[in-house]
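Next come two complexes built around subunit A: one with subunit B, the other with subunit C.
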Partner chain A sequence: MKRFRVLDIVLGILGLLTLLWIWHLVTMLELIPRVFLPSPAATIAALEWGLVNGDLLPQTLATINRMIQGWLLASLVAIAVGSLIGVSAIARAYIQPTLEFLRPLPASAIIPVAISIFGLNSSMVLGVVVFGAVWPTLLGTIHGFAHVEPRLVEVSRLLQMSRWEFIYKIGLPNAVPDILAGMRLSLTVALILAVVGELLTAQEGLGTAVLHAARSYRAADLYAGILLLGLIGLVSNYGLAIADKRILAWKN
Partner chain B sequence: MAQNAAIELKDVSLSFGSNEILTGIDMSVEPGEFVCVIGASGSGKTTLLRMIAGLLPPTTGAVLLHGKAVRSPTRRVAVVFQDYGRALLPWRRAYANVSLPLEASGMPANQRPARIRQLLAKVGLANHEDKFPGQLSGGMQQRLQIARSLAQEPDTLLMDEPFGALDAMTRQTLQDEVLRLVAERKTTVFFVTHDIEEALYLGDRVVALDSNPGRVAYDIKVPLPRPRDQLTTREHPEFLRLRREMFEIMNKIHA
Partner chain C sequence: MTAALTKSWRGWLLPFSVVIGAEAWFLFNPILSDTLAAPSKIIRGAVETMMDGTLLRTTYQTLFGAAAGLFIGMAAGTACGIVIGLFWTADRLSSWSVEMLRPIPSVALIPLSLLTFGYGYRMEYAVVAWATFWPFLILTQHALKQIDVRLLEVSRLMGFGIFSRIFKIMLPAAAPRLFTALRLAVGLSLVVAVTVEIAANPQGLGYGLMVAQESLRPDRMFALLIWVGLLGWALNYILVRLEGRLFAHRAPGLAADA
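Moving on, here comes the complex of A and B:
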């Protein structure tokens, strides 16, 4: 297992370097005009300048902040509501079709609704992020509760555990793997929607920064922003993968 | 007034629709008695255990514990299942698995650690309290389930083929451990097995079930001296005589 992990990391880095090298070649040979695709070196220089001298740092933090806030709120709502639905077979049967109707709705489709409710402001962005990010975790929680080992249900009955005790001692721990899988998916959704929301409402953030850069033909700044967005996704996903491993130590 | 039986079954029967599982079961188990129930698979012996546990109501008849009708499970009765891998909480370490009944019964948190360690030591898991069930061998997992059942301080212990999935050596060791543990507290035991020798070795009494539908075929006393010993008990002339008798009974039942 360990041996493969080191190899995996090396291969992963090689893959990223390959992408960088292809990018470098494409710009060096000017296959795409520099105005549209700057060189990696120019992009990294723009990134450095933006972070140190420009306002790329506060913009990045604003986006991360929005993403994390929406994601945490969505996860909290999803776990609480999912537990309440999941613990009862009747509630599951009652609400599952409704969830299946709401879940595939593209979160962008509810943006007009959100705008009419909240207006063009940061609450609207947060609302959209929460709406989009709530589904994977909600469905994961319900699924986890629906698949509790029947033997453990009997154990809880034999010990005369209350429904509340059953939820947090058996149902929730049993759902944790599904909840974590849902939260990983929803983090990506949260990032996407945070950026889309910024674009629409012109809130401070990477989405807006990228849009402004594109409109004023500052290609290097545009790609610096995209690079940062990619990095946020990469780092947050790895962070969650590590947390996953720790929390699910009992599975290995 | 005579003391109430620990477990009493009065003309108990159970059917699912037109499918009759158990019929006309009359049986009583005295406090402190170790009763083994044997029968082929499909004889309803596990179903009988589940009814005594309060997990399943009988279709007709009554199940009484110390004279009171069973309507739902009570913590005075503990169950040890055969499938220890499913009955334990895989996300809780050995220590926390034993803690579960103590939490359920509302024992104050500061009194739990001593009790948990004592129970783990009793079943020989003192050095494994930080392991998850998945890190323990089958025999150790079953020991852990036994420790958890004892944490309830039950006056009645229901065991459903608890050693059926274990190898012969482990099985013998655990048989002796269970005998020692229940003798300490004079616990009443209702022990389901399909192994005639195991039933004779452990029980004060052996009840054999006939199948389709399940009903009591034979009920014999086992007058073997205690403490039992894997060698001398199993070589005891009475053990050998009873073993032959039981084999013949079981053959007749399944002929």
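Moving on, here comes the complex of A and C:
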């Protein structure tokens, strides 16, 4: 079993290296013009230079900051509002259909509305991130509350729990898996919307960095920025997956 | 979810009261706003966008960009998913690369696509294709893994070649899951197409929204926004119904969790 896992890792790295090698070959033979596809070495050099000497690091932090801020705000709102809607079957019947209708709306389509309300600034970007990131967690929370074991509801009635007690003693703990699943999706959405917001408003961040790099034909910088954005996505995904496992460990 | 909307009047109460409340508010506060518009104005704006051809043209551009990108993503994603799903070595070799590449947000590729293709359909295809490639890749791979082993044994016993095994056994057996991938990807393609148009590409519904905002026409902006929402909702509704129709006899739980 253990040998298999080592082999998995070796093969995985081998595949990744092969991919890099193909990339290297393509740029060396100039199959694709260097303006569009820089060599891996040039990309790594641009990444290193940008992080050490340039302003790639503050830009990365700005984007992460925007993403996390919007995500936390959205999660708080979503869990609070979701609990209030989810705890009452009547509220669900009235409100949920509207929410389900709003959910497939592309969150980026709200950007023009946000621009006309907030203007082209960072609070607009934050507003859009929050709006987009609210849905997965909100619907997750409502779903979690709606599917509480009926016997637990009966118990809470027997114990004459107040609605508040029910929310934080039975409802929320029950909804945790759904909330966490929603929050994972929300984080992905938050990163996407933070980048879109930066592309439009030229606020400090990686979105702006890659756009400027593309506009001035600095392909290596462009790829370095894309690489960093991928890394942010990767790390945040893994971080939440690990947190998920820790928090839900009691369930299994 | 859609059943709740059609079967119960209670779901309609909230949207209706919002519309009526907004209309009443604008009736008693007759200001000329650059950001908001009364529902009656929005309806007039909607009629206007229909009459001057904006709605039809931009909808066509968005749907075409999304559909063509989706098609590329589907072809590439399903093909790679089949290879990865069939061969253990391909699975292991690609695992790290997939893990590294998949988290790259599609919108990060907008500047790259712009640099490579310039404005127009091609940059939109590229970004939509990237975004939809991954769900097809992952779900195809999973679908193939869940095929009944006995089916594969039978096909081996009957001496099927690799192609007839793929097209006669595997793809039909995986069809319900592949359709789920398609449904998810259709929604995604619309979202990504609109996002690309809002962020960069001067065509389609996303750009129409930006133009309406920049020319201070909130009535037209909200008309287009509602239209985008309806479009996404309708596409999903049709595909969910189709999924239920096509595969109800095979996987009873499948349409229900949609």
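One rule holds in what follows: the second predicted complex is superposed on the first by the 230 of 252 C-alpha atoms of A that agree within 3 Å, B and C clash if a C-alpha of one lies under 4 Å from a C-alpha of the other, contacts with A are read in each partner's own complex, and residues count from 1 in each chain.
FYI, contacts are C-beta pairs under 8 Å (C-beta built on N, C-alpha and C of every residue); 3 or more make two chains touch, one makes a residue touch a chain.
Just so it is clear, the model here is predicted, and its values are computed rather than measured.
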Requested in this report: Check the residue A:229 against both partner chains and state whether it touches subunit B (first), subunit C (second), both, or neither.
Outcome: second
Requested in this report: Name the contact category of A:210: first (subunit B only), second (subunit C only), both, or neither.
Outcome: second
Query raised in the report: When the two structures are overlaid on chain A, which partner does A:158 contact: first (subunit B), second (subunit C), both, or neither?
Result: first
Query raised in the report: subunit A residues in contact: does subunit B have more, or subunit C?
Result: C
Requested in this report: Look at A:195 in the shared chain and tell me whether it touches subunit B only, subunit C only, both, or neither; answer first, second, both or neither.
Outcome: second
Query raised in the report: Can you list the subunit A residues touching subunit B in their complex?
Result: 149, 151-152, 154-155, 157-161, 165, 169-170, 173-174, 176, 249-252
Report summary line: Given the complex, residues on subunit B that touch subunit A span 53-55, 72-75, 77-79, 81, 83, 86-87, 89-92, 100-101, 103-105, 132, 134, 152
Query raised in the report: Along subunit C, where are the residues that touch subunit A in the complex?
Result: 1-2, 4-5, 8, 10-15, 34-35, 89, 92-97, 99-101, 103-112, 114-116, 187, 190-191, 194-195, 198-200, 205-206, 209-210, 212-213, 216, 218, 221-222, 225, 228-229, 232-233, 236
Report summary line: As the complex stands, subunit A meets subunit C at residues 7-8, 11-16, 18-19, 35-36, 93-98, 100-102, 104-113, 115-117, 188, 191-192, 195-196, 199-200, 206-207, 210-211, 213-215, 217, 219, 222-223, 225-226, 229-234, 237
